[in-house]
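Per-chain residue numbering starts at 1, and chain names A, B, C and D are given in the order in which the chains are listed.
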Amino acid sequence: MTVMPSLRDPVDAQTPRSRAALVERYREVRRFTETLCAPLETEDYVVQPMPDASPAKWHLAHSSWFFETFVLKPHAPRYHEIDPAYAYLFNSYYVQAGARHCRDQRGMVTRPTVSQTYAYRAHVDQQVEDLLVGADEPLLEALAPLVTLGTHHEQQHQELLITDVKYLFSRNPLRPAYDARAAPEPPSKAPSLKWASFPGGLREVGHSGSGFCFDNETPRHPEYVEPFRLASRPVTNGEYLEFIGDGGYDRADLWVSDGWAEASRQEWRAPLYWEREGRTWQLFTTDGMQRLDPEEPVCHVSYYEADAYARWRGARLASETEWEVAAEKCALEGHFVESHRCHPRPAGGRGALLQLYGDIWEWTRSPYAPYPGFQPLPGALGEYNGKFMCNQFVLRGGSCATSITHIRPTYRNFFHPHCRWQFSGMRLAADGG
Amino acid sequence: MTVMPSLRDPVDAQTPRSRAALVERYREVRRFTETLCAPLETEDYVVQPMPDASPAKWHLAHSSWFFETFVLKPHAPRYHEIDPAYAYLFNSYYVQAGARHCRDQRGMVTRPTVSQTYAYRAHVDQQVEDLLVGADEPLLEALAPLVTLGTHHEQQHQELLITDVKYLFSRNPLRPAYDARAAPEPPSKAPSLKWASFPGGLREVGHSGSGFCFDNETPRHPEYVEPFRLASRPVTNGEYLEFIGDGGYDRADLWVSDGWAEASRQEWRAPLYWEREGRTWQLFTTDGMQRLDPEEPVCHVSYYEADAYARWRGARLASETEWEVAAEKCALEGHFVESHRCHPRPAGGRGALLQLYGDIWEWTRSPYAPYPGFQPLPGALGEYNGKFMCNQFVLRGGSCATSITHIRPTYRNFFHPHCRWQFSGMRLAADGG
Amino acid sequence: MTVMPSLRDPVDAQTPRSRAALVERYREVRRFTETLCAPLETEDYVVQPMPDASPAKWHLAHSSWFFETFVLKPHAPRYHEIDPAYAYLFNSYYVQAGARHCRDQRGMVTRPTVSQTYAYRAHVDQQVEDLLVGADEPLLEALAPLVTLGTHHEQQHQELLITDVKYLFSRNPLRPAYDARAAPEPPSKAPSLKWASFPGGLREVGHSGSGFCFDNETPRHPEYVEPFRLASRPVTNGEYLEFIGDGGYDRADLWVSDGWAEASRQEWRAPLYWEREGRTWQLFTTDGMQRLDPEEPVCHVSYYEADAYARWRGARLASETEWEVAAEKCALEGHFVESHRCHPRPAGGRGALLQLYGDIWEWTRSPYAPYPGFQPLPGALGEYNGKFMCNQFVLRGGSCATSITHIRPTYRNFFHPHCRWQFSGMRLAADGG
Amino acid sequence: MTVMPSLRDPVDAQTPRSRAALVERYREVRRFTETLCAPLETEDYVVQPMPDASPAKWHLAHSSWFFETFVLKPHAPRYHEIDPAYAYLFNSYYVQAGARHCRDQRGMVTRPTVSQTYAYRAHVDQQVEDLLVGADEPLLEALAPLVTLGTHHEQQHQELLITDVKYLFSRNPLRPAYDARAAPEPPSKAPSLKWASFPGGLREVGHSGSGFCFDNETPRHPEYVEPFRLASRPVTNGEYLEFIGDGGYDRADLWVSDGWAEASRQEWRAPLYWEREGRTWQLFTTDGMQRLDPEEPVCHVSYYEADAYARWRGARLASETEWEVAAEKCALEGHFVESHRCHPRPAGGRGALLQLYGDIWEWTRSPYAPYPGFQPLPGALGEYNGKFMCNQFVLRGGSCATSITHIRPTYRNFFHPHCRWQFSGMRLAADGG
């Protein structure tokens, strides 16, 4: 992984403390979104390949809308909109921020065009930077958390932009590559799986301190954990092939009831993007079709598949508390989006727990629920997280499409259990220390 | 509530200790299923009004299949089936117990007829009773937990039978009454809502001891709870009307995202079975159409509605841990199916917490998940609970359609959050002692 | 075929001319409906196995509703309804006759019970017969066409009752037999296929004269036909097996576009009710599962399959005009419902055109459309036929489930092209005399 | 209407007789497709707004594929493909021409890009022109009908391109205009409706002679028609508003059964593209939102609406035979796509029958069916028309989006009866001369 040179400490970068750092952070994150779009043709920006996956153009516009709505309109008195309709078109789900365009209709909006959308971004950027540079101290203090939140919001959409474009390209019979700029990596082998033990007891989880976090990571609070073990690395493609070979997709007893129903309805026989060719497996990646590497972590599996695999192995998924307890002392290092190679690599390095961060998000067994005493942010920003605390499962650790300046030990990602288009994999856990 | 005279201690009845008590328990539960069917016409037994609601005939047969499969076939060497096809037709979801008929096709099976189904029941009953009476001690010891489990399984289907018939009758424009045998109750008023406070700390929840419980109630384990408060009684129809009147069904900000989507799709404007007639509300009940009584607990709401109501009140639902902690010291009394009036009544009585048991199931905010260290039963019986631990929410306390000999403080019921055809209501909770 | 002894001339029976004949016709048809129900258990009357197939109970009630609505209410001044709700429950689609219960909800109505439904029939029968017996001549003249129409309406529902029960039973894994009363027939061979030639020219088709017909058979009018040929008998199962064996279900070029889409969606690989067992085919019949007889006419095919088969053979289906021109001089004989064996038989007998009537309905290539100058009946009865003249295809000739006193050369039956649960087969046609 | 200056006789242009005319025709039609795309942004080319409506890019490519597949590959020995995958991607439904990409997935294909698609067109154009210029006489004779067919095929896709882009733009809340280049027309009034009478008798319809036609227009054959009347002009918006005002969308008795079901399911309250604003109606057009002009022909109605309107007026739609008989002597003039204003105008001019051609397609009551003796073209081209002869209705006369060099008296267009996105309207007919 190539850490961006300007970032000595990724965790510091998450919460800029000075005006200069704030402006720098803003610019860097905004610019990076556009860097990620560099490989796209105009046509690629427009299409919504499924309701869950938005057009790249929409991500570009919506992340700008966020700054416009929560930073500029309340705080820049002379701010003028480029087009008032954008407030409607590019709102995602913030009910209190006004009416919004249906989520599954985003692909219908061929106008504004891509270049108009970039003009919208430039307009917002200019205004935000002017506002930050000219703000007096009290205003700056009010703006800093909003702008910081906006950069983290944008980083979430950077990851979605990649996964959505990948999904779009997978639907094209030509199987285009998103980005083949990164030099190929030499092959490597994942180390054999070991178990790390953790004692039980009352532990604290959740975010505290002055660094940035989302509301859903608070409050820090005690949880009682029983002794447990965690696998030293994520499950690999090779291991997952054994599950397939053992009839894992044909054995209802391995699956929770809803998972079996979904797998039957969708006729799942392997993770998303796997394609069988005769006796070998090919994988659709952001570099196009590749031969399946058994040493890489398995990726693009649903919660249902992760859970069924774990049951088949006589193990289980970790709870998010267990994961966080285990992760507390691990260095925040791994393979992130900054490397410009959006594909997980075989585990490597040293330590009891490899690849906790980066490469693949790890499904936990924890339904996404509010922490005890959770209070959403006031107003429309309160809709950021709380309203999704139902029917979803928590994932931890970030992926190869996550920014290193975006992830934390306490970070809670969440998706419905049937979702597979994120870089989602799994790590095994077990009872007993 | 009229406790059945033979039951001095309902909790004792749950786990019969002697051969005589076991036979008595078996007979009583099996007979009660048929008592519940007494008001039905042959035609009413057959129809499946939605995939979630099975025909009464299927409940009669499936509960017999359970004893046939788990008691008779393994333990009664000379047992002969009435029809080998029944094993296929009346298996519900026990994959390891063999192939099974599609759940949503149960209404297609007009043969075996109702009287053939009763004959099947009688056949199984005779064989089970013979087996119990003639068993030597080791066999009896092996049979007791299976038969006891079977009676609890049957009691679950008794409740489903009532809710399924109620739903079926609601789909008939004639709105037939299931049972109008119970004498009308004099009107009464629910006491005003108060709050009971509970301190935080490490508490134990889950079942222990030798009494009967389902596997999902184990193991007993510590949970850390923050100080909390519980409402003294469930939310009433009158209170819920205020939510409706305040536009509760029109305000997306009160709902979790999936709940809002479901409410929009289904065009919910009130709980299930409510029908507006001009300016008044009518309620479909097992006694037919009734005028809505504002003093009764609100019932037939989804988790989504319960959660939205609580948010609107500035409160929340209880976690299942909080509920169990609070319930530990409350007497197991309330209004149950034995009263033959399957409709919740206005709260009454004395104490800090009214109607914890009976009348309505209380939605909790807890996703249905395994307890730490949970081990399903071995074999096909292990499919009883574990495979549903995904996408569902826990309800506690039993309802007016539950048997008093079936409910416990540790009892965990569970349904998908959109389900409304059970007798499901809610009790408010809040943070802080 | 066993003609009912009382019916010297089936065409005469269609239009009773005297009071006595009218009463006799009424009684006979009404009684025959109940005869057809004799093999049913109470449970079998209730279920609606798909939206197109109504419960037997509904057929019993709706055919009574027809007499109640169009005969008794307008003409019997002192007529009193058994239950006013029946007018709503048992209306099928006659908008002008008042509100009606949703067609796909007929299976929800377990009450009124079967015996109440028979009581409703008896009530209507008594009143109709009293009315007919006591009517003065002008009233009798007004009643005769309505009662006659009602008997033909009832005969249509007799056929639907059989096909709907057959479909219901096919959905039961036990595959019950509807009726095994008829003695088995000795095997016989279908004669080899020949072609009958017909010259072109201006011909008249449609009904004229004083006998009964439906409005859709009028007016008699000229049509120009080109010279054509008709196959001497319907396509047999054996011939259809060749189509299957030649990949008929895998070759898109044989199918019209909508048919190919439907066949793919439904995964059709054979006619309805065919089940492959190893290398042989079994057939579900009203007598239960039978071995497929290659000599019988193929049955339970959609228009799409009939059309694809014909194209595969280098032939086509007949137009309804061609069929009627050819049928004009053929005797109305064949194998009808009066034989109590609702299953087509191998063609037999002598003549250029065998099995034109009875055994199977023959799909024509003619979309169901109004004849030039067509006028629907006035009032609600005008909804009998005209509103269905869109997206359906005409079938001709009656089937083994049709009454001989119901069919005519000019009779136009019609179904959507995807429907397969009727006794529908086909006869080949070709251009050129 | 502005006829293109180069076209003295539009019917002659349909069937070029000399090499020069053929090349000229080819160039003109191909160039015109690109002219129609001039107002589009790159983004607009890509999206498929519903399964029935293809992306503009697909139309550009598919019409080139047609020439590649049926002209170049069989006849240009040294032809090389730009990309072999295009044969798969841009085949529409010609099964015999090889495998094809799913019709409803056309919007997923962002690559090839728009400019690559234009390069594909240029490549094909160069090759076709070279082939035509260099062909010896026998080859030219073989090519002429194929190239001519290809130009007519392309003209069909020109019209679809317009209707598909219009539909796409209607789904964008910004309601972009496709083309606002045409100068606004002065308002005008439609003349009052009169009736033209036609005698009955045996008439000939269908195409004959040496001019171009599609296979579905042949063979010319006799049809017997009864005396009939045709309205002098199409139904206007103002007249249709009376139908709406009289509850036309609420009266089931006016609709055929399938139409009522569709209108209920889709919640139709007006033609497609009508939007009520307070008490006035707005219309989405290719020029953007416009105020509804009551004098214009009603447009974007389904067959169901056309048929219901006619029934409400006590009239009916014409059969296609009647339309063709009436049209035979009318001049082929009207308002076509060459005017660059894709919107119907109020009827004008003189004569007994106004606007028979152009402005709006007229729904007929005739199901789309083969003419007697119809023979599809051999090979893959035989799939052009025949496979759609089921469940569709014939429209006649062309529209404001049709080319004047594409329409003929015998031209049969066809769509499913629920389709509304074409420029489809109606003319009333009645029985009796």
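Note that in this section a contact is a pair of C-beta atoms (placed from the backbone, for glycine too) under 8 Å apart; a residue touches a chain by one contact, two chains touch by 3 or more.
Computed from a prediction, not measured in an experiment: that's the story for all the values here.
S.K.: So which chain is the furthest away from chain B, centre to centre on CA atoms?
M.R.: Comparing chain centres, D lies farthest from chain B.
S.K.: How far is the middle of chain A from the middle of chain B, if each middle is the mean of its Cα atoms, in Å?
M.R.: A distance of 39 Å separates the two centres.
S.K.: Taking the mean of the CA coordinates per chain, how far is chain A from chain C in Å?
M.R.: That pair's centroid distance is 60 Å.
S.K.: Suppose each chain is reduced to the average of its Cα coordinates; what separation in Å results between chain B and chain C?
M.R.: Centre-to-centre distance between chain B and chain C: 47 Å.
S.K.: Please output the residue numbers of chain B that touch at least 2 other chains, ranges allowed.
M.R.: none
S.K.: Of all possible chain pairs, which ones touch?
M.R.: Pairwise, the chains that meet the contact rule are A-B, A-D, B-C, C-D.
S.K.: Looking at the complex, which residues from chain C come into contact with chain D?
M.R.: Going by the criterion above, the answer is residues 93, 95-96, 202, 221-226, 252-253, 255-260, 303-304, 307, 365-367, 369-370, 372-373, 383, 386-391, 417, 431.
S.K.: What does chain D use to touch chain A in their complex?
M.R.: Touch residues, chain D against chain A: 41-47, 49, 57, 85, 88-89, 101, 105, 107-114, 168-169, 171-174, 176.
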